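Starting off with a structure, shown below.
Should a chain be cited, it is by its letter among A, B, C, D and E, assigned in written order, with residues numbered from 1 in that chain.
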């Protein structure tokens, strides 16, 4: 067996993950000896671990793709992008969650769990073996169950319960799928599967592929295993909702992408069509269901379901066009930034659950509205935000992959999505100003803090919202720079 | 670099305005005026230094002020901007009209900072669209203009502004997505896989696949037709105009509509010459229907602004007629097709000036009496002679009277198009008759007879705006006061905004070489490219 | 008896376990009973994995590892299930999933 | 190719198979939750038996041991939390039974049809001498990373389970500054006592 | 010299524009300035008529003839002088005729612009130039006719004049296109060489344009409306300008008309019929200005006839002579209107006797209009008729000539009658001396311009016009027409004196209301069409969007029902869907009435509701749906390979 030595040599290939793990373990240990109101130390440590991991991942990004640990772990562009996005996302979300967590007796544990979940997400993206995929699934699920119900209030535990039961169910189905594929080929490595699957029995393949894809679809929040998304998002706190709808999704979509690009590339079944159908249904259902939402969290939850639909467009054509990798990379990064931004807007006004509440709460904070507009229009895919570039790339890739109909469906859906995003933006933008206060606001006089203004939680969430908006624009405008860097291999 | 400055200077000013909420509103508008003026001055400087060149005509070669940066290398999309005879006039028009709107808004609108910032943002979007030489960049700016205009209408409109804004947004957004799909088709169909317009025009994609080319053209055509707007995709226009603030309407009609027609000349024709030739007759027919439809429906309007809005449909129809004729290679010689193309492009500039002026003038009506309904106004020539004179001049310009820019445009469209599409052109000529009738009728209704102004004691009218259903006039007669004390003549800022537009329209009507020297080489290039 | 036949018999048993497990997961009202259903499905996976190793690919260890992974998944999910149940019970004094439908729509 | 299992083994596999499925059905039929737990255990033990017959000694033993413990814990849980732990108050705790049965049966039929129609490639497989050794080498070699990730997963499970299940934490015991002289435990015992 | 040619147009144009921009501030200087400019115009016109310069200014590009090109050839020379001269006289008349408090700046501004446009029209050598001048002339005529915009009906009259003439102008646009198509050039003279179908199109376009401008059938009615304008305007518009422009254009384009074969004939007949019908209309008028207007159309009919038959010299002579005659008559009518406050024929009884100077001038002009020898129109008309070949056409022409004697007789019979005493009409009771002078000058020309038809002079004219060998009327023809005119005149005077009732009956006939021509060009059908289209626009096209939305809603509803069907049984779902679709189609109608966005929003709301229905909050249903969904996907995967 050369496994030990082979893996040992390239252990540094996992440096970003090791750093995250170190951060998790170190954070937990540090937390054990940290007084309750000084747990920001742990936050700093965790953030530092994330940033270190990002640096390590960025350094490794331009290097050629390789497979380590007996080809069970793939380090390539997709992995690299996911590593960076997830680690950065965790770092940002730790801070987004900090106002609601600060001083909580379990603050340390929350940060550590967030880190572990991120690690799981990366494992999903990087896995080159079905069993590692299952392990990654576990790691990307278990901490999240705890995070979803972290507040342990009535809604939170219901969210956790649903999330857990749904996750356990799909996890079991996923194992059934893996078992079917093992029955078909006797192996679980992607490379072997890619070689053996084309000759396997289609029926067995269908069960196996569907089971495995159901697993990643669950993590991504795609139809038909998306049911947890709205309920969990609405049941938990906004920062956690942001985490649950962003971090695992990134890894899961990347995992699906790898599955379609490698083991399922040449199977005698139309897997791209399957994914395309999932994508079409996800985006349509998500958009339609979001349309009537007045609760901002649920609205965003359904919006994430529809976003997964667009992301899956790139997945569907993973094996068919070279454009798919950059498309996925751009869209993932853009989605993460924009989605976090949108949730940060909700987190900025924790008391406001509905659109109108929200509008009244931020009515006077022009920049919050502007940033929200940037984020939401970003989710629509309005240029020049990052998601626009992503959408463009995804559309192009899908068309190039002979799924022009999906492009049309996606375009129509994009229009539909405008409805609900505008429903949120428009009152905030135009409806709130009452004539007298506007005068005063327009003038040079000192700004008076009205009752509504005070309900806004300024500080970290607002800052992150602005940051996300700016980042979304920068990512879109600077797409060339960072893509050139990411794809330089 | 100069071009980049021209494009982004307004955006910079917008950011400054938003970042400094404490400066007084008046100063904010002042900043807006200053930024627009500087921008216009820069465009003027560009114009002065612009050399159309002998052999190099633009479109595929000889682009001035070019800047090319990689943006999304994987799909070969970049920040590629440049100026040629097609874009320079429209850039100038953008500068002029935005400055006029800034001057017009000196009265300090509601929430002046945001208002000014939005307009400056819009200016960047429009400038950028006209300067873009990359499909994606074009789309980016194109879409941003929709976003900006949505907020202008939703935030500062009157009447049913939200609804109209939403309708506008959805309609044009659908169009823009069709456009995007078409662009992706162009990208995938091109040999070198690029979004660069110059490269695409030099080596047109999908040349040997008529079906794919036709479908891609269809997508692009739909997108641009909604924006232009052409029959039957025009129904967003009257609503958006009726409820938009005056300056918003002026920009919407004056500049944003041109984004659509400009797209035809810049993208559809040079890049898909074969498909354009094949389907040119459709463009001609759509153009002619728009001409007549716009004219006749405008004739029936009872609301000034709606009427002007529909004349835009009519005027844009001429553009399509000219451009369609330019594609009928088989039935017309190159000279005639070039004349038609020049006419179409001239119409874009001309319509921008004249309709911009008309909308600003109709804004005067709103500011005085919160109504656009014909039957609530009358005899205004006596209390407001300057206003009447300006409106009349603008109306005559708009109906295509020689001596105004509109004549130069329409004359060339008709003469150029007749050979290619005789029947269609003869039918379309009727359009100028109907527009003549409707404008004269409007003048008659607004300015002659006994002075009538809307009653002040009509609070719900003030709150809700006229709306088509309220314009039936049955209630209006009962409360009609017979005094015209409230109609104040054009204020100096209003005159300062409108008069230059009209003067420009006259200059362009009498000394068209100013513009034609720039336009003609580019039009020849376009016609040549279409004829491939 | 051919090996294929034996394999098919074993797999049929596994399929039976999966079917019964699914029935349980879908029909039970208490969290723990749902978990039992899922355990049964995993039980079928164990069997299928074992069969895959013995009859189809004994030269590769993957199927065996699959069984191990399935066992771990079972344990982890059990643990989390108990934790969730406890938390849920603490917050609501309930264990019936049907009564948790505040979040909907 | 004939199976190299002995006749007895095949018979045992068949019987154990039937047993496991029957026990599985029993889980959802019996009134008492405790009984259901034991039925599930029976099903697992039967599968462990089959694994034993399939030359997977180590896995069989692990399965049997793990499941015994797990079911014991589950039984405790039942008694602690469940409404009807001992079946003393018979009540239906099911919903949508018909639909669920249809789904279960449907899935079974589907899988069975698949199983019996597929052409299984059971050609002369080369069996290793020692299946346990093969597994051990895989865990420490080719599938080491899987096990590593699973290990982290178990770490996360411990953490997550604790967070979810327990209300008290270190600050309850030792005060917010972790500087209490004596831990405040509801039940005396534990560390630093 | 081309600068002089430029000055010919620019001088009045720029001074006119300046007056307009200055507005009421320039009222004081407007009159003198206009007279000065007009006088200068005569000088310049004479100069260019002598030197025949050419001026070209770049305008449009690409094709030949896109420039602004003015050329003075023979025909232009004659008309330039004529237009400038009449313009001067009318300007003088206007200065004295306009009320003191009138907005003179505006009036003379438009007047000068109008003159500039007319001068440009008659010298234009390219189609863009022609069309520019042509349309500006129409627009300024609108402004002049609607000069009293605050009086009810006047702006409408201007609108009518403008829209009608513009309807004809469309022909010029088409002609320009045809010229470009046929010759690749927009030069007017190149058009003669056009052939094939494009020549037909061009000729048709030119013909329509000319008929419209010249108020020939069927466009005549605008002329009636145009009488709403001030008298000087009428004097200018209906003598040497505007209506004359059409005749001029046809004469200039005669080779083109002739080359097509049919266009010349059509023009000839249009002219002859107009002369006949509008003559009859004139006879029936009770209003002096209306009578004169109709007679204008009739007299220009002879010019058009001349152009049709190729009698260039005759047509030109007729044009020139008619200009003097009609200007004189309009000046007289205007003077009377100012003095007596009426233009009603019956109230003008004895007007000529009351103001003798102007009366004499008017009498001379009216006699000339009647075609009484040896006055001008007698000769020129015969010169025109001499060129006519066809008998029918000839007969119609002669009849028309006789009719002109009838309406002229009608004027004479009234104005020369003994005054019936001073009725209570508003008026200044004063005819300024300057007006009399103007009228006198015009009368002299009206009497004397007949020489143009005399063989000796006619040859000179033909030489100037660069045409040769056009037939001159024989002595017999001259005598015949002269006699005819005299007889008709005499009879008319007698009838009017003896039997006024006949005239009254005539004035109740349809002829009095311009033979219903106004209705022919009524804007009503256009308005009706416009309203119908607007309704379609609102109700159908806009609502089509709603329709799509409602359709989407139906679809979504069906989808949701299918969704239910999975859980509740497909059969009932399909049945419900069918039922709802039926009910829904009824609801589409109500939806059609609502706004598009609302409909769209509602559609999506419904679809959204349907999409949220699976999110029941019940976990076991999530399980079931997930299993069903995955099952469907499995089927998809297995079935679609």
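FYI, contacts are C-beta pairs under 8 Å (C-beta built on N, C-alpha and C of every residue); 3 or more make two chains touch, one makes a residue touch a chain.
Just so we're clear, the structure is a prediction, and the values are computed from it rather than from any experiment.
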| item | value |
| --- | --- |
| Smallest count of steps, each to a touching chain, taking chain B to chain E | 1 |
| Set of chains adjacent to chain B and to chain C | A, E |
| Fewest touching-chain hops separating chain A from chain E | 1 |
| Most distant chain from chain C, judged by the mean position of its C-alpha atoms | E |
| Pair exhibiting more inter-chain C-beta contacts, A-D or D-E | A-D |
| Farthest chain relative to chain A (centres taken as mean CA coordinates) | E |
| For chain C paired with chain D, centre-to-centre distance based on mean C-alpha positions, whole Å | 7 |
| Cα-centroid distance, chain A relative to chain B, in whole angstrom | 41 |
| Whole-Å gap between the CA centroids of chain B and chain D | 70 |
| Between chain C and chain E, centroid-to-centroid distance (C-alpha), Å | 92 |
| Per-residue multi-chain contacts in chain E, two or more chains | 601, 612, 615, 617, 619-620, 623-624, 627-628 |
| Overlap residues in chain A, where contacts from two or more other chains coincide | 131, 135, 138, 142, 145-146, 149, 152, 160-162, 165, 169, 173, 203, 207, 230-231, 419 |
| Overlap residues in chain D, where contacts from two or more other chains coincide | 95-96, 99-100, 103, 107, 111, 137, 142-143, 146, 150, 153, 157, 160-162, 164, 167 |
| Contact pairs between chains, per stated definition | A-B, A-C, A-D, A-E, B-E, C-D, C-E, D-E |
| Residues on chain C engaged by chain E in the complex (per definition of touch) | 22, 25-27, 29, 97-98, 100-105 |
| Residue numbers on chain C that touch chain A, as the complex places them | 11, 18, 21, 25, 31, 34-35, 38, 41-42, 44-45, 48-49, 51-53, 56-57, 60, 62-63, 65-66, 69-70, 72-73, 76-77, 80-81, 83-84, 87-88, 90-92, 97, 100, 102-105 |
| Partner chain C, residues of chain A touching it in the complex | 131, 134-135, 138, 142, 145-146, 149, 152-162, 164-165, 168-169, 171-173, 175-176, 178-180, 182-183, 185-189, 230-232, 234-235, 293, 298 |
| Residues of chain E defined as touching chain A within the complex | 556, 601, 604-605, 607-612, 614-615, 617, 619, 622-623, 625-626, 628-630, 632-634, 636-638, 640-641 |
| Chain B contact footprint on chain A (complex, rising order) | 323, 326, 330, 366-367, 370, 377, 382-384, 388-389, 392-393, 395-396, 399-400, 407-408, 411-412, 414-415, 418-419, 422, 426, 429-430, 433, 435, 438, 441-444, 477, 479-480, 483-484, 487 |
